[in-house]
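Listed next: structures, encoded as structure tokens.
Across the two complexes that follow, subunit A remains constant while its partner is subunit B and subsequently subunit C.
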Partner chain A sequence: MSFADKINSEFELAEKNASGEHVLAHIRKDAFTSFQKLGIPGNRHEEWRYTNIKTQLPETLSIAGHTTWNVSKDGFNGFADIKATKLVFLNGVLNTGLSTIIEETGVTVGSLKEHLGHNTALTEKYFGKLVNKYEDHFSMLNTAFVNDGAFVHVKKGITATHPIFIINLYNSPENFTQSRNLIIVEESSKLDVIVDFQNQGSSSYYNHVSECFVGNNADLNVTKLQTSTQHTTAVHTLEAEVGRYAKFTCTTISLEAKLIRNTTNVRLCGENSEAHLNGLYYGTGTSLIDNHILVDHLVPNCQSNQLYKGILDEEATGVFNGKIFVKQDAQKTNAFQSSKAILLSDEASINSKPQLEIFADDVKCSHGAAIGQLSQDEVFYLRARGIHESDAKSILTYAFASQIINTITTDALKVYLDNNLKERLHLNF
Partner chain B sequence: MTENDKIIEEVTQSDYKYGFVTNIEQEFALKGLTEDTVRFISAKKGEPEWMLEWRIKGYKAWLKMEQPHWQNVSFPNIDFQSIIYYAATKKKKKVNSLDDIDPEILATYKKLGIPIQEQKVLAGVAVDYVMDSESVITTFRESLKEKGIIFCSISEAVKDYPDLVRQYLGSVVPQRDNYYAALNSAVFSDGSFVYIPKGVRCPMELSTYFRINAENTGQFERTLIIADEGSYVSYLEGCTAPMRDENQLHAAVVELVTHDNAEIKYSTVQNWYPGDKNGKGGIYNFVTKRGLCKGVNSKISWTQVETGSAITWKYPSCILKGDNSIGEFYSVAVTNNYQQADTGTKMIHIGKNTRSRIVSKGISAGKSQNSYRGLVQIHRTADNAYNSSQCDSLLIGDRCGAHTFPYLEIKNNSGKVEHEATTSKIGEDLLFYCNQRGLSNEEAVSMIINGYCKEVFQHLPMEFAVEATKLLAISLEGSVG
Partner chain C sequence: MLSIKNLNVAINGQQILKDFNLEIKTGEVHAIMGPNGTGKSTLASTLAGKEAYEVLSGEVIFKGKDLLEMSPDERAREGVFLAFQYPVEIPGVTVTNFMKAAINAKRRHFGLDPMDAKDFLKLMRQKMELVEIKKEMMSRSLNEGFSGGEKKRNEIFQMAMLEPSLCILDETDSGLDIDALRIVANGINKLRSPERSFLVITHYQRLLNYIVPDVVHVMFGGKIVKSGGKELALELEEKGYDWIKDEVAAEA
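Up next is the complex of A and B:
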């Protein structure tokens, strides 16, 4: 049976089992029909030309299959230093035993499955609405098959005092796990979300989708951590829609991977809204880290910033594609993008494609991309002060990377990442 | 209406100045493309057997290919069977002096503003004129011959220098390179051939003027320039076409080869008919241009000013194979009304210490779409390679688009690649600064745009720089005086 046939029969099965959520049945069906048309992209597809995902997904993978295992409280990194509501997911399914919830008025968190069943007014309004905007292969697959995920809702005018920490654990080399987040931040509210991904198995495959709705005048800050994701083959899609005077920040830190693709699509739908997208990726071994970013300016007077930095060592490959779209009526747009990468070894490589598509004239848009290595002058400066060459290089690499880490607003998280990076670079100060 | 709006309005109303038809007798091939058409063209030109085989190979490759659609332009599918693939001026008498040329053709060139006589005497430019498909005359050939430089039409070269042509033709752009290159290989009618022998610095600028004259014809010229060790040549190319309602196809191939320490400077001023202000008619300019820096320390420099064509789709590229070789690309692309342009370059770094520089300036006005698409590839073998790219786009009016698609593929860690792109309109502060100093809006815009393009224009040979400035003015008439 071919992979495609297998997916088809699995979907039929999943459809039968998914009783009780009829409202979503048509959304799933439509998504699956779209996926059937699109299929798994090969490297002939422009968006996937540098990341041959097709060859990296074994045809034996099951999409609807689900396994679980016993994890103790100490069996994973629970980020004890960070005070937050923590939701722990095992292969995409919420585990209430491991989760800790700090109650806050106006903030609802929980299982997406549950809310899809009961909180239909909200979920019907939002679920699957953003991923439809760009017909993406993996988002469609996710919508068709997703079983559970995180549901976060902040009511109008509420400022959440603690961040929401979503910890996703995966351990399944046989399944292509579909996991999902639905984050809704209503008008004039504020929330920090941290999403962490950890691989607990020999290898794992997953397809994660986040949909973020940022209401007028609201502020949502999402940090994605891929720091314990060795042997992971994953596709991440984050879709955000930002309202009037609202602000959306997304920081993606990828320090480990076999193959990780991060697609981040932001639609600025309300005037005077802003988006800040930062990213740091550090590839070692034969890992491939791919960041695809799209900021779509649909209305006038919006602002966006993208700042991505990459470090590629050994035989790692980096892919960067940053797009800025400015629609015809989106006058007075300010959009900036900067992508920098350093190659530390002879075998490392980077494919970068910063892209601007501008249809309005009264705009200021620019992008800069620089690829190089550590400055010999700077290495010399440090060596002249008695620092060993390898240390000098580590210090400079650390300095290069910390620009991104310093943008993180949750202090405990910043400290964690800072230490994590230092450890990787064998720095001890 | 504000002055700015007026200027924009005037921009969209300016007409094409080169839209005349020359009434000369011409000979055509039948419409449509079959193997017989290819044989007909080859026979008509009295080509040797190997050349015919080469063409047929191109034709067969073309049959298997599909029209590419990945470009950021849109146009209806081209019906390749409704194109006439060969049109030549009928009088096939050998011309020895300019006096023998059909006075109608001379009149055409006069209208184009290239007085052959005058240029011959004053500018000292050797010119090869190609009308539709046939090369009309090459001036200055004798004086070049003394230095060993070969400058003739490619069909003459096929007969007179078969060894050179066989060695290099298709070595940079093979028949199966892409859809339009394959088509060109099958039906190319004429073009220029230049060979600069070892150690010779070509004493004058070589130039070709292309013009599509007949209706329903496509122009498929092929240019091949070879610079042998230590030589230098500067080559200019200009193009125009009359106004026609239907779209005409221009699919040319240009191949450049530089050996050790050689340099080729290739400049283009492209002014094919862009269509009227409703987007009707105009030339589809689908061109494959590629240079191979084969030897060490060699250099290829492309400079282009693109103001015409309904659709421009071309990427003059450099393959930097020799160590220390240099590739340069300077471009100004102007689109107005409904024009579409998807243009840029490819810099393929293979040799050590290779360097490349890209400066691309796009100006879009009216309802046009202007894209820069570039590729910088640094291979594992290319130690210490360096690339710097700069792509600026200027938008005039709010119904046009500017796009940038740079691809950077780096596989060597000693390389350095810098890319920068900006998109903006003419700054209010700049205009205000000029106004304050007593310049009208129009003068100010003109000054700003000229300043904006200066970086590219300064790489054009003098005569061309003047022409380019004039062309820019015509293309954006009203806003740039």
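Up next is the complex of A and C:
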């Protein structure tokens, strides 16, 4: 049986077993029909040219399969130093025993399955509404199969005091686990979300989708951490829609991977809205880290910033594709993109592609892409003070990366990442 | 302290130092003056171990050891310090972290444990006073956005922190106004000691009004062509370099 046939039969079986969720059933069916047309992309597909995901997903993987295992309170990184509501998911399913919730007025968190199951209107309004905007194989697959995930909702005019920390643990060497977030911040509300991904098994395969709705005048700040993901093969898709005078920030930190693809698509739908997409990736060994980001300017007077930095050592590969679309109506757009990567070894490589498509005539758009090595003059300056060559290089690599880490506003998280990076580089200052 | 014999150095295939000889005893302050393009900075960079400078022949003995056999960082740990003419800006590395790494590299080299955080801060405060550096500068990125004067003061601060045996000052006076020059020179003078030698490379005499040398050398065409006491610097200031060039031409 081919992989495609296997996925088909798994879907049919899942459909048969599902009951009493009519709205969802329709959404799933539509998504699966879309997926069937698209299939799993090969490297002849332009968006997957440098990341041959098809060859990296064993055809024996089950899409609907779910593995359970026991995790104790101290059996994973619970980020004890960061005060936040923490939702812990095991292979995409909420584990209430491991989660800790700080009650806040106007802030609802919990299981996606539970919240959507009880609320048809909510499901109709939000679920799967952002993932059908661009041709996206994996979002469609996810919508068709996903069972649970994180649900976060902030009511109008509420500023959440504590971040919502979504900790995803995976242990799925036999399944291509589907996991999901739905984050809704309504008008004039403010929220910080941290999403962490930890691999617990010998290897993990998963497909994670986040849909983020940012209401008018709202402020949503999402930080994605891929710092315990050494044996992970994963596709991440984050879709955000941003309203008038609203602000969306997404910082993606990928420090470990077997293969990780991060697709981040932001649609600026309301005038005077803004998007900030920051990213840091650090690949070693034979890891492949791919960031495809898009800011779609649909209306006038919006601004966006894309700032990505990459470090590639040993035989690691990086992929960066940064898109800025400025639609015809989106006059007075101000969009900026910067992508920098340093290669620390002769075997490391990066495929970098800025892609600006501008259909309005009164806009300010700029982009800069640089790929290089550490500056010899800087290395020498440090060595001239007695610092060993390898340490000098580590210090400069740390300095390069810290620009992104310093954009993080949750202090305890900044400290965590700073220490993580220092440890990785064997620095002890 | 330092003995340079028949040193020949090229950069990009072009020979700059030609049979260069120099002897500096412990505790002495030597000044090297000379017109532009005569090899003064090449000498400084060669002693610090910059890779682009190719040593063709000759020897450099520093405290009884072959300096040319050592890597740039090993030279620094052994006690050679180059105050750069153009200190590099390094965004993201704070002065504090940089100094911590440098101090501990040196300590490790001599089999000592890393310096205790409290002692380190105390040492920093002491040395900052020496060149009138404000505390805020310590948490700023190394040389980033520093004025010309701040960069040079920072070089002398680093020198004070690392307590080298041989201090090479490469045109430390360039780009300094008179106030900054005074501060930098005062800092250097406070570091003078019977155990420490200085090689002051300068184009102008004015720095030597503040840092009074034991010996003044005139460099021309890749070698020292004249040496004398501090009065030689004054003579150069007065008469320029042309008479030296004439003398060299006459000898040839």
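As a working rule, the second predicted complex is superposed on the first by the 429 of 429 C-alpha atoms of A that agree within 3 Å, B and C clash if a C-alpha of one lies under 4 Å from a C-alpha of the other, contacts with A are read in each partner's own complex, and residues count from 1 in each chain.
To be clear about the criterion, a residue touches a chain if its C-beta (ideal position, glycine included) is under 8 Å from a C-beta of that chain, and two chains touch if they have at least 3 such contacts.
Computed from a predicted model, the values in this text were never measured in an experiment.
Asks: Under the stated touch criterion, which partner chain does A:Thr264 make contact with: subunit B (first), subunit C (second), both, or neither?
Replies: neither
Asks: Counting only touches as set out at the top, which of subunit B and subunit C does A:Asp362 meet: first, second, both, neither?
Replies: first
Asks: In this superposed model, does subunit C or subunit B come into contact with more residues of subunit A?
Replies: The partner with more contacted residues on subunit A is B.
Asks: Once chain A of both complexes is superposed, is A:Gln328 in touch with subunit B (first), subunit C (second), both, or neither?
Replies: Only subunit B; A:Gln328 stays clear of subunit C.
Asks: Does subunit B (first) or subunit C (second) touch A:Gly372, or do both, or does neither?
Replies: Touch partner of A:Gly372: subunit B, not subunit C.
Asks: With both complexes overlaid on chain A, does A:Lys353 touch subunit B (first), subunit C (second), both or neither?
Replies: Only subunit B is touched by A:Lys353; subunit C is not.
Asks: Which holds for A:Phe429: it touches subunit B only (first), subunit C only (second), both, or neither?
Replies: A:Phe429 sits against subunit C, while subunit B stays out of touch.
Asks: Touching residues of subunit A toward subunit B in the complex: what are they?
Replies: Touch list, subunit A to subunit B: 46, 50, 328, 331, 341, 343-346, 348-373.
Asks: Would you pull the subunit B residues touching subunit A in the complex into a rising list?
Replies: It comes out as residues 70, 380, 393, 395-425.
Asks: Contact residues on subunit C for subunit A in the complex?
Replies: On the subunit C side, the touching residues are 48-51, 71-73, 76-77, 81-82, 84, 87-88, 90-93, 96-98, 100-102, 104-106, 109, 114, 141, 158, 162.
Asks: In the complex of these two chains, what residues of subunit A are touching subunit C?
Replies: Answer in residue numbers: 375-378, 380-389, 391-392, 395-396, 398-403, 427-429.
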